[in-house]
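You will see subunit A twice below: alongside subunit B first, and alongside subunit C after that.
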Partner chain A sequence: MLQDEKYQEQIQRIFAKYPDKRSAVMPLLYLAQEAYGWLPEEALDEVAELCDIDPTQVKSIAGFYTMYRETPKGKYWLQVCTDLPCALRGADQFYEELKAYLEVEEGGTTEDGLFTVEHVMCLAACDRAPMLQCNFHYMENLDMDKMRAWIEERRAEAREKEQKS
Partner chain B sequence: MSEVTIYIDGQEYRVPANTNLVDVAKFYADNDIPVFCYHPKMAPVGMCRMCLVKMGSVEKNRETGEVVTDENGNPKIRWFPKLQTACTQTVYDGLAIITNSEEVQVARDDIIEFILTSHPLDCPICDKGGECPLQNLTMRHGPGQSVFYYEDKMHLDKHVPLGELIYLDRERCIQCARCTRFCDELVGDDVLAFHERGRRLQIVTISDPPFDTKFSGNTTDICPVGALTTADFRFGARPWELKEVPSLDPYGPEGANISLSTRLDRDAGGRIVIKRVMPRQNEYVNEIWISDKTRFGHHHTRSDERLTKPLIRQNGQLAEASWEEAYQVITDRLRAAKSLGVIAGPNQSNEDLWELKQLASHVENHHLGVFPATMSGGDIVNTVGVGVGTNFLDLKKGDVIVVVASDLEEEAPIWYLRTKVARDRGVKLVLLNARPTKLSKYAKYNLTYAYGDAVSAINSLISAVIGAGKINDEILSRVDGYDELAKSVKKPAYTNFTEAAEAIGDAQNMIVLAGSEGLTLAQQRELMQACANLLIVTGHVGRPNNGLIPVWHGANIQGAYDLGFTAEATEAIYQESLDVVLVAGCNPVGEVVEAEALQNANFVVVTSLFETETTAIADVVLPRQSFAERDGTFTSGERRVQRFYTAQGVIGESLPDWRIFAEIHYRLGGPKPKLSAGAVMAEINKAVPSYAEMRYKKLAEMPRQFPDVGGEDLYYGGTAYQNRGGIGQQTPTVAEDPEARLSVRPVEAMTPKFDGLVVIPTTLLYDRGVLFRRSTLMHQRIPAPHIVINPEDAEAQGITDGDTVAIVVEGHRYEVQVKIDKTLPRGAVLMPRRLSNRPDPSVPTVLESIEKIVQPVPVTEG
Partner chain C sequence: MENILLRNRTIPEIGTFETYLEHGGWEAFKKAFSMSPDEVIQEVLNSNLRGRGGAGFSTGRKWSFIPKDAERKYVVVNADESEPGTFKDRELLEFNAQQVIEGAMIAAYAIQATAVYIYFRGEFWDIAHNFEQEIAKAREANLIGQNILGGDWSCEFYTHLGAGAYICGEESAMLNSLQGLLGQPRVKPPFPVMKGGGLYYEPTVVNNVETLANVPWIIVNGADAYRAIGTPESPGPKIFCLSGHIAKAGNYEIPLGTTFRELLYDLAGGPQHEGKGFKALLPSGASGPVIPLTEDMMDTPMTYESLVELGSVLGSASFIVMEEGTDMVWAAYKMAQFFKHESCGKCTPCREGTYWLNQLMTRIISGQGTMRDLEILENAATQMQGKSLCALGEFATSPILGTLKHYRAEFEAYVNGEKQKELPASKTVAVAH
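Up next is the complex of A and B:
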């Protein structure tokens, strides 16, 4: 997928930032993750090929950092902080309710393929808890009412899109 | 080497400066500091904390530099407030450590307790049990109880295949990173890595094929737990049931030292058999490493297909006979023989070769040939080979290694590894080849020449050395022929070698490894001479760590040359039609097209382990013994004569080759056969000057080696074995005698002009040779018969990657797969040897035709 025309410029821009190719592994992994939605083995192979290193090394890097996903995930990746300061403001309760509402387990993905939920450590937004990170964007000062509304909006969007196509 | 004073547990020691504390404590103070992540062959990382000791420095008077002493006269020491890792410490003058205090004991106990929180402790079903560093250290330091919850143990996958050779048990891994660092730092194949982190950290490989390195087995030796085990030995035996027998790699020219782990085995009908092959430490040769071919290529020794009785051809069929009958037929023929051709295989021992030579001398008109006949110049090696005492480990910054016409990783993996590691220490690598190889990325200078033109390349290098004014004048006083040589290289074919030539001219030490890829035998001989010229005029001969190493295709080709066998004689045997041909332990008819001619001999005798294409044309076939059933010696490419010992029971009625030849000779009126291989060697000692000192007893000497790997404390270096069979002895070269004259002579390139595509035979490590193909475990790693071709040439021929094609070379047709390689020069078609069941061209040959085979389309019904 990274061979696609549309990624070439971005790839070149990434490479330009580093003295040697292998240093570009991490930004390229992000790019691949954006392209594929997660990091299947093909994606690792492509990055390895681009950086001229063994795919095993790429996998090792992807495995070390938690922001790379090596299992498929939904369109919206919801990472709820449940660390102590957040928990004191009810984040753990919020997390439980969110899972119940979406009918998924920790780390699971909803059947429609839209949402993946997991809990994470402090995201440095303790004062705005409960909070979560959705595809690397913060959503703050949450409660379940807000969440339910947001979720239903996304579902409606998806349905609309499907009907159109 | 300068020395420093250090204090271990209050005791004073003088030790070499700039050495690692753990190594030094073990070697000089007999103090085993426990380690897991540290390994003496790799840079320390300080990951496991097992090696904690109390550390400090003696106080010195700042003005006088004198050691300050306390009231008892002991040096005053300033201790660090906390314990330090010993493995990350290089010794310096005044370093002091305490290893036996309670504080240190407690720290060790605690680390073990911590490591065990994530270890399954399944020793009863673990292959490593009995030789496990973790088990041993737990016995010494393990707490009977743990403050951690048992239920909290991390459970991860068991028996995960990392490819078909190595199995991983993820929960046993203690995350020392020895395996990943070995692959990454030493070998350079970074195909193993950590995945995830913390207690979930686990080893992964996703290379293709998985765990893609020729040295994978070594990780199982250095893994300090049973996390990595070989498919070969898994659940095979308990270490304490095994008897270790010192032996040698029967395949390669490096002379890798191995240990055969043997035991009486029910599955083998109660015979003693090899259960596994382990490395045996020889710091001069293979240190503690062996290739996967050496480790997993032993199965031929106990294959069911082994020949067990002599066979005599009667009415066109080979039929079993007694030895006496076989000897009778052979001696009758030899008595009447007018001419005799002898072809000695690549792992005939020196003793075999000696008796073979004695036997051959019975027929006046005889040729002593060696197989494979890919390389020549054993005599040149005896003049300018590497000096006695050579050790790749001694090469350092300012030294140079030159590799010419060889794909070292495939042809001599141990030399590949040692060259690569030497380069990491700062040795400059000069590579001359017609195509890039795996070593290319490590080379400082990659000098490319056209196929067949290796000699011009070396000549050009000499020319550039002369041009740079870097000739060693000192040595010229003992060199004959310099002026002619200088004149002959005036017009170099390659003019861009100046930088490499300067590096060579400035080198302190230089070793040249010369191979044979893309060369005819005559050209190869000229290449050896050209390399000798280069080494002589730059003064890199007659000293340790300087000289020529031939990349022979076999374990004892050097020995064969030393005893009078040559590849040229083999060519002569193919060409002349001889009365009797005796083939000893090889399969020329199945491997090279030229050997077809052997059919024309009136009488053919073959000693063999198996039925082969060569035994198929034989009149008498004699069952020989493999290297594992007998004693003997091989001489490596570095001219190190080394012993191997009897490890397993005799198969059938097979006999060692030397014995067979001696018995025949005896019946022809020769002396009574000797009783042992050692007695044969004693005769060689007397008759061959360069072997005068190669007495069995001397070859078995085993000086203490540094680092001291292979003792009881398995945690230090892993399960490589201590050398109990001797480290062997190098034969001296002519150049080492300061009085000896050295001669150089102009050599001509004889580069042939070919039209169109040329098939270049190459050598791969894994092939379908008679012995290696019995190791079924390795079959997935042996490539299908194939050719490698440049993409433009492929396009011109209308073929693409993965196609099956029929090629015709000198009238022989081969069906092969096509592999495209854009790094290959145009016009060259690589054809690796011994992959098919048909004999291959043995020298570069014009490709007559190439045609795509259209695979029949599978018929689908409906």
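Up next is the complex of A and C:
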């Protein structure tokens, strides 16, 4: 998929930043993730070929970090910080209630494919806890009232879209 | 005091190139450019600016270590802010981007760098994309790029996004990550400033975001004026991040040497809940020892030195505050989990040590621990010290040993069967005595 014409300019821009090909592996993994929605085997192979390194090495890098999706996720990937500063301001309870409301276990995805929930380590927003990262954007100063309203809005959007199609 | 770092608090649009210029932006860089690189290093050295990432090392000295004859040299800006309780760089990057860019370009000029890379933690996704636009504006104005300000020196400025790994804040792990290798620390020496130790194994200055944000002010106002702020050993302004049980959580820019009382009560409004007193403080996020937060210490000035005397470290000044009633064993357990997750797995003492600290803490907190476990816990943590490749293995022992030292009775309540916590099934461990 990264061979598609539409990605070539972005790929060239990434390579231009670094003196060697290997350094492009992280930005290219992000690009592959955007293209595929997650990182299946073939995406890793494509990145390996572009960077001229072994697919095993690409896989080890993808596995080392928490922001690469090694499995498919829901449309909204909710990563709740439950580290100590957030936990002192109620993040543990918030996380438990969020999972219960969505009826998923840790790391699980809702049946409608909309939400994946997991907990992560510090996101550098401790003064605005409870907080979470949704597809790389922050949602802060949360409580379950706000979350329920937001979740129902996303569900309504999805239903509307389905009816139209 | 007027803000030197968080200027966005009084000038909301200061982060944009246009507004930054209107308020004296890039004057410092132009002044530095009229000086020799050595004069710039000397000025920063004289200011006694100390690294704000946590180690407190002299910034001017670090710059002076770069060999002059090296053909390729780099500046890497450490924007991988990931320490629990730390969110100061984020505010600077989000709202005062140009000042960080200018500070980095002054560092680059001082060492005659060929390029600057800023390594953002992956979660600063939006911030990094905005930052690229601000870099582009400075490039258009010939402050970055080819033949800067019409001279012979050329220097590019690139952004790089991490992808979620605390260890990449360690400078050599960051360099590996940038090079497309696993984000694990290197054996040192050679240090990053030396040939063989830096980015692409070329001499490299790695500076924290807040450190660089201090530099333009120092160049414009001079080292003497800078040293007049704060204390002689710990000069300058510092951003303190307050989180946890505090009435007004957030960033506070104050001179080093301000007292605990002024910060925690006068500025931040005291404990979060009315009627409760303070209990404990983690002054440097999860990485420094926990200390009791007592009335006796309230009038102590906060400096790199005074926190050591109190049995902890100032580090990045990320104050996680805890009120009366906080379960200190639970707090230590939380941090044990953090370090177990974030250990990169390269060296044995840290990989195994963080695993076992977490196993022991889990056993104790679920009410299945014994007095013998407390001994093993203390022993395992002590054994890890001074044995790992980087500071993470060292940091991981701080919360455990600090808590054991000051709050041992709370541990004993757990192993004596007086207390236990229900943990989710995924968090429990098999018990073998």
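Please note the rule applied: the second predicted complex is superposed on the first by the 165 of 165 C-alpha atoms of A that agree within 3 Å, B and C clash if a C-alpha of one lies under 4 Å from a C-alpha of the other, contacts with A are read in each partner's own complex, and residues count from 1 in each chain.
The rule is short, and it goes like this: contacts are C-beta pairs under 8 Å (C-beta built on N, C-alpha and C of every residue); 3 or more make two chains touch, one makes a residue touch a chain.
Just so you know, these numbers come straight off a predicted model, no measurement behind them.
Trainee: Give one of first, second, both or neither to describe whether A:F136 is in contact with subunit B, with subunit C, with both, or with none.
Mentor: second
Trainee: I'd like to know which partner A:P85 touches here: subunit B for first, subunit C for second, both or neither.
Mentor: Second partner only.
Trainee: If we overlay the two complexes on their shared chain A, which of subunit B and subunit C does A:F64 touch? Say first, second, both or neither.
Mentor: Both partners, subunit B and subunit C.
Trainee: Kindly classify A:L123 by the partners it touches after superposition: subunit B alone (first), subunit C alone (second), both, or neither?
Mentor: The answer is second: A:L123 touches subunit C but not subunit B.
Trainee: Contact-wise, after the overlay, does A:T56 reach subunit B, subunit C, both or neither (first, second, both, neither)?
Mentor: first
Trainee: Contacts for A:A149 in the overlay, against subunit B (first) and subunit C (second): which applies, first, second, both or neither?
Mentor: It touches nothing on subunit B or subunit C.
Trainee: Return the chain, subunit B or subunit C, that is in touch with more residues of subunit A.
Mentor: When the residues of subunit A touched by each partner are counted, C comes out ahead.
Trainee: Check whether A:E41 is in contact with subunit B, with subunit C, with both or with neither, and answer first, second, both or neither.
Mentor: Once the two structures are laid over each other on A, A:E41 reaches subunit B alone.
Trainee: With the touch criterion stated at the top, can you tell me which subunit A residues are shared between the subunit B interface and the subunit C interface?
Mentor: 53, 60, 64
Trainee: Within the complex, which stretch of subunit A touches subunit B?
Mentor: Residues 41, 44, 53-57, 59-60, 63-64.
Trainee: Report the residues of subunit C in contact with subunit A in the complex, numbered from low to high.
Mentor: Touch residues, subunit C against subunit A: 81-87, 89-90, 121-126, 158, 160-166, 177-183, 200, 241-245, 249-251, 282, 286, 318, 320, 322, 326, 331, 334-335, 338, 341-342, 344, 424, 426.
Trainee: Of all residues in subunit B, which touch subunit A in the complex?
Mentor: 189-197, 204-208
Trainee: How about subunit A: which of its residues touch subunit C in the complex?
Mentor: Residues of subunit A touching subunit C: 17-20, 22-27, 29-30, 51, 53, 60-61, 64-68, 83-85, 87-89, 106, 120-129, 133, 136-138.
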